[in-house]
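Each of the next two complexes has chain A plus one more chain, namely chain B in the first and chain C in the second.
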Partner chain A sequence: MTTIRQKLGNFGTFEVLALTFLLLYPLFPVLDWGLDAVGQSVRLDRQLVNIFIFGLLALALNIQVGYAGLLQLGIAAFFAIGAITTGVMTVEKYPFQFGFWGSLLVAPIAAAAIGLFLGAPTLRLRGDYLAIVTLGFGEVTRIVLINLENITDGPRGLNPVPEPWLPVAVRELLQGSGGPVEGTLKTMYYIALLLLVAAVVVFTVLEKSRLGRAFVALREDELAASCMGLDPARIKLLAFAGGAALAGAAGCLYATNLTTTAEPNTYDFNYSIMVLCCLIIGGIGSIRGAILGAALLLGFDNVVSPLVTRGLQAVIGGGSDNVLASFTNWKWIVFGSALVAMMRLRPEGLWPEARLQSELREAKDIAEQSQEAL
Partner chain B sequence: MDTLVQQLIIGLTNGMVFALIALGYTMVYGILEFINFAHGDVFMLASFLALTLVGALGLQQQTGMVFALELLGIILTCAAFAASLNWTIDRLVYKPLRKAPKLAPLVSAIGVSFILQNIGLFWGGMPLKVFGGGNQAAAPKAFPDLLPATNLLGPNSHLTLLPKDVLVIGASLTVMAALYGLVRFTKLGKAMRATAQDPTAARLMGIDVDFVVGATFVIGGCLAGFAAVIYSLYINTVHYQMGYQNGLYAFTAAVVGGIGNIPGAVLGGLLLGLLRALSDQFIGAQWQPAVLFGVLIVILVFRPAGLLGSTAREKV
Partner chain C sequence: MTSAGQAAAPSVAPLLQIEQLTLRFGGLTAVSAVDLQVQPGEIAAVIGPNGAGKTSLFNAITGIYEPTSGTVRLGGQDMVARLTGAQLAQQLLAGLALGVLALLMAAGLDGLWAATIKQQNPQEFSIAQALSDGISYLQAQPRVEARMGRFMAVSFDGQIPLGSAPTREKAQQLRDDVARGLEKGPPYANPQLPQIAAAAATARIVRWLALVVGALLGAAGTHAVWRRQRRTPTSVARLGVARTFQNIRLFHNMTVLENVLVAMDRHLSHSLPWWHASRRGLFLQLSVIIAFLVVLTASTRAMPAADVGVVGSFALLGFLLSSAALLVQVGRRKAFSPADLQLEQLARSKAMELLAFVGLDARAGDLSRNLPYGDQRRLEIARALATEPRLLLLDEPAAGMNPSESVALMQLIRQIKGRGVTVLLIEHHMRVVMGISDRITVLVHGKRIAEGTPEEIRNNPKVIEAYLGTEADAHG
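On to the complex of A and B.
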């Protein structure tokens, strides 16, 4: 017991407060009330579910990029595989329905199996080649999902994905618990939050475990790590499959939350890059950073950007044919500038892991010194 | 048989364009070892400039000598524009990160690519006649068909060989020959090869590495600007996301050929173009990206350094 407490020791007051706030939010959506008061409605409770799911996906990529140092540019493929598996296992089109819980079990297994299949022959490639292979795999997956219309219903997506089954007592508790948020949304809200918290706890423990230290050793110096008796191929494959599995689980949540597997084009290269951006903005290798990045990115995309657009159009008048008038159209300039500025000013991310931060600082100091010397 | 030959012609012309873009990726990678994700978007912006100039000069109405001169002028302007854009990006964004960990320039390049795409979107929204008055910024823009659509093999032939096919192949080959000459026989080319092999040793030999890197970006930009005009004349559409799609293919071509290797990029481009045409014909256009990237993965599994790449171990 004490060891677990020790391992979780770095959860401070902030984490406890944040969790309490999030647990109570559907009952007291204070931020939504505040926005309603000024005549705006963005449904933050809905956005929070998306942020939880995106946060899980960012944590999945963090295993591969952050822990094991594998530059993976196709995480959306495993997310899509999770979503489609869920669709196939739940919709009425097929003679079998396993429901949400069944697919939550199978979707990660399917994604991990495909991850192993891709990773086994390709993980020995050096960094940039691996990046392009995973990028290519992401595109292949997307195209296959569009074209296998018999199985995936192509661009329409499989739907409706039913909501999760819950014991009657729990369901009544959720529906009867009051507050302005409807029952279905609350179910997804709490399931996603629960999984996110579970993932955070697991990763915090993992970081201090033998495997977690093996990941770091491998990322820092593959040659030295293998001289110490670690098997790089096995550990990399484990990280790759683990990340794929978690991405699959996130995909399962995504499809259930949307009630459809969505158009396969949703899971394109840009989606993978967005997840990578979460890690970079938050801090690569950092659990808190990944979640912060997800919150910032989705928050900007789905909350701030529509609000600013509405504000802009109220000021200049609704010129719908003027591209500059809609703030949504500025989105990529904002993201792009943020990435460029981050790399220049704070390459370790907003909420970095201590070890990486000190390394990067050191590298920067050395670089500056050598520049002065020249 | 006719279909096969026809597809080979299409594949060859497409492959030439891929090769031109791929050269820009591979030259930068050869020296700095990073994927310049923004390269495809420099290509895209140059296409927008080409369309703007075509509209401003009223090139559709011109004929004869005036037409040829103005077209040449547009090509040169677009090449100069793309070259200076590429050079500016390098100085402002990548240069301060030369000594940073490898992920930093890569991520910055993705950021620059986002910014350029957004600029492309706004550019397409300019109230110009060629852009359809700017009403739909995100819609693909029609690039006027400037070259005559007469079949060079005679009107009764089963095969079609249009003047634009000849233009693409001829012009691309000329440019590639010029590039080969530059890299192989000039002092700058020698400096580039030396820097690619070992930047530190090159610096010790008195080579101005910063200048060489700048020159690489300028040459890569020139090729992208040139490819932009050629591509727009050939495909007749300009779109703000065309840089992303073609950039991805071109980068794949560079990797297939062995990244950092100049003949490899041309070989990879041609291979990809041919493969694309054949898969469109015999498998179906909707499977195109899956076939191309599938082949990429298979090639990398069996030849991890690409077709012509050297299999040197990563330095410890």
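On to the complex of A and C.
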């Protein structure tokens, strides 16, 4: 037992169980069987792919917001750049035709390069100012992508983005008895899952490495950290570029999974805020929290709310025109109330990282002390 | 070095030499024309009533404030980073990038793409053709476009058709004829030609201007930012000046050990060459992974489907296995490579040694905010020492300490001197200052009023006046 523990290194039993479950899920979709039994078909594995991709995006934002403390409100821009680079690099009408694997290399590089270009002059800005710059950058990127019609095909998006190349034997194995659609789904499922696992492993180690220590020191006291020889500009730029690169990789997966780069308007300000909400719900700075947040948010949006809608329609009756019977119309209220409740009851998030929790508590203690003093 | 005539003068060059340092904030002069010298290996002190500008002086030395005038030299050298070749190259590259960006914005990236990449059949794409198309587009030349299966000579902005032909060669011929037609007159002369030529000439000028102005502004801007960053707390710390703070600035939610490890960071990473053993392994593994991806991409692009199977499968397998190997190796450690881990362990043992030196080794695992006040001050000293400074600045190290703690502190400062670190301290506790200092400088209202050994300072009438006052102005 101890040897297994040692071999797992930084990871616990929970992580291993969760990974095993997710690896086996497409083969034994137990939850889907249960839902099928009560007459509801959701295809949870299809939703899981989206959750993995969104989880990667949340982890990307977590580097910038959680680790480096940079309030970034334009993560969707880097996601879009990753998706559209993938489109340009793969579709038949352009000569590149790198395929998924090539663009998995190119998309993060493109996103990181643009991240560096944005970050180098703006990272000296603090807090709110950086938030405004990144917010603006997100909107500008979206509009530029729509207007570069010759490159991005504007609102139509580039398509079809081909699925990842796999050896025929592997492809047939994944396909099993299902059709090619099933094969594509399983391919994307496993690629997204493996990338997510890789990201989790890297970030877990990063937090414990000296770079992780530098991030914490910079968040705690930037002046003291720089007087100890740390270079705040360089470390922040690294976080910014790293986050952009990972968001680019997530964009590459997104476009491949969707088989199109989608309309650039998809990657709007709301999208960035949704990713930020994943972090807030799960716990800023926490790897597990970011993924939990992504799962909760997308799970609520794509699984729970359709199920509830169907249930409501069965009970109340009436079609989709019945406002009361369509839960999807209510989701923003639920979502907003959940955020308010979170801020009131558990501001550090559902699955916070220990150190950030204590940073927040310290701030709260100071606030309470000063109130008592008054 | 100095002349033998000055018997009392120190015979070695000063470690810290401050000349005529002035620090002005708007109308307030915090430090005014102060001279200060600290000899290597000595303990120097700066004293003075509250608001005398002592901490401002420290902030000016450590790069937090930019001096209004005057110089600060460490070991005979100006503490300003020099322009290295790499930085110059970086600035020129940033200039070039901005120039190209401005050119693309002036010429239209969308139009450039349409005139180059989209002109050719993706199956028979030629990079040379795309390049020549791109250059003629950027030069605002009339060009040939593929439109609806024919080739059409169009004006530089693609707005005005000049004629069409079934093949590219014929269309190019036509375009050249039309271009020459400007001089030749009829039958080639299109009534709009002079207008087009004028617009093209303007476009050329605008594009050149964008490129040149963009590049100049980019390079100058990057250079200006670099100039402003030449003397930052970071660069000063890396030159070997460490400090503590009057109001303790520890990293409160880090453990005692981690606080010290952060300060060792520059010895762990930044000072190492990029090809250092701690990174070499990682770089190699990453390049293997990327190489597999490149082979995979190249094989799926260039080969018939049957051949892709073999090469592609191997490349994909190689990619997956090498990534998995890297992940497993990384996941089991607290660092990214074995050599990195070794460095980390070395740093830990050094950090523990420093903690033992200040007497905090038993509390290495505690959060620093849980330490008692006196211990926090000692931890700040340990953290500063971890940067391996030549000069240590202590800002009121004995503040808030009881008498026995300050005796221990004096002992500690002497031991620091024994380690070969020069110490410059600000202190109000006269017992501490007089007990350990080799030289004392007295600041009052930002001006230096006296300098000398503790004995000389104690008997200096100006100092006594400043501290005790002759009138009702003293608050020492």
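Following the convention adopted for this analysis, the second predicted complex is superposed on the first by the 344 of 374 C-alpha atoms of A that agree within 3 Å, B and C clash if a C-alpha of one lies under 4 Å from a C-alpha of the other, contacts with A are read in each partner's own complex, and residues count from 1 in each chain.
Everything that follows uses one rule, which is that contacts are C-beta pairs under 8 Å (C-beta built on N, C-alpha and C of every residue); 3 or more make two chains touch, one makes a residue touch a chain.
Values in this document were obtained by computation on a predicted structure and should not be read as measured data.
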| query | Between chain B and chain C, positioned on chain A by superposition, is the outcome a clash or a fit? | reply | fit
| request: Determine, under the contact definition given at the top, whether A:109 touches first (chain B), second (chain C), both, or neither. | output: neither
| task | Answer with first, second, both or neither: which of chain B and chain C does A:19 touch in the superposed model? | result | neither
| task | Would you check which partner chain A:347 touches, where first means chain B only, second means chain C only, and both and neither mean what they say? | result | first
| task | Check whether A:337 is in contact with chain B, with chain C, with both or with neither, and answer first, second, both or neither. | result | first
| A:129 contacts which: chain B (first), chain C (second), both, neither? | first
| Partner chain(s) touched by A:284 [first = chain B, second = chain C, both, neither] | first
| query | Who does A:149 touch here: chain B (first), chain C (second), both, or neither? | reply | second
| query | Once the shared chain is lined up, is A:31 touching chain B (first), chain C (second), both, or neither of them? | reply | neither
| query | Roughly what angle, nearest 10 degrees, sits at the C-alpha centre of chain A between those of chain B and chain C? | reply | 80
| query | Now for A:308: first (chain B), second (chain C), both, or neither, which partner does it touch? | reply | neither
| field | Overlay on shared chain A, then closest C-alpha pair between chain B and chain C (Å) | value | 10
| Touching both chain C and chain B, counted on chain A across the two superposed complexes | 121, 147, 223
| query | For chain A, which residues count as touching chain B in their complex? | reply | 71, 118, 121-122, 124-129, 131-133, 135-137, 139-140, 142-144, 146-147, 223, 269, 273, 276-277, 280, 284, 321-324, 329-333, 335-340, 342-344, 347, 360, 363-364, 367, 370-371
| query | Which of the residues in chain B come into contact with chain A in the complex? | reply | 29, 33-35, 93, 96-97, 99-108, 110-119, 121-122, 124-125, 134-135, 137, 244, 248, 251-252, 255, 259, 286-290, 293-294, 296-297, 300-301, 304-305, 314, 316
| query | Hey, which residues of chain C end up touching chain A in the complex? | reply | 62, 64, 94, 97, 109-111, 113-114, 117-118, 120, 122-123, 125, 221, 225, 229, 232-234, 236-238, 242-243, 245, 249-254, 258, 261-263, 265-266, 268-270, 290, 293-294, 296-297, 300-301, 308-309, 312-313, 316, 319, 323, 327, 330-336, 340, 344, 347, 367, 369, 383-384, 386-387
| In their complex, what parts of chain A are in touch with chain C? | 7-11, 92-95, 97-99, 101-102, 104-105, 117, 120-121, 147-151, 165-168, 197-198, 201-202, 204-205, 208-211, 213-214, 216-217, 220-221, 223-233, 355, 358-359, 362
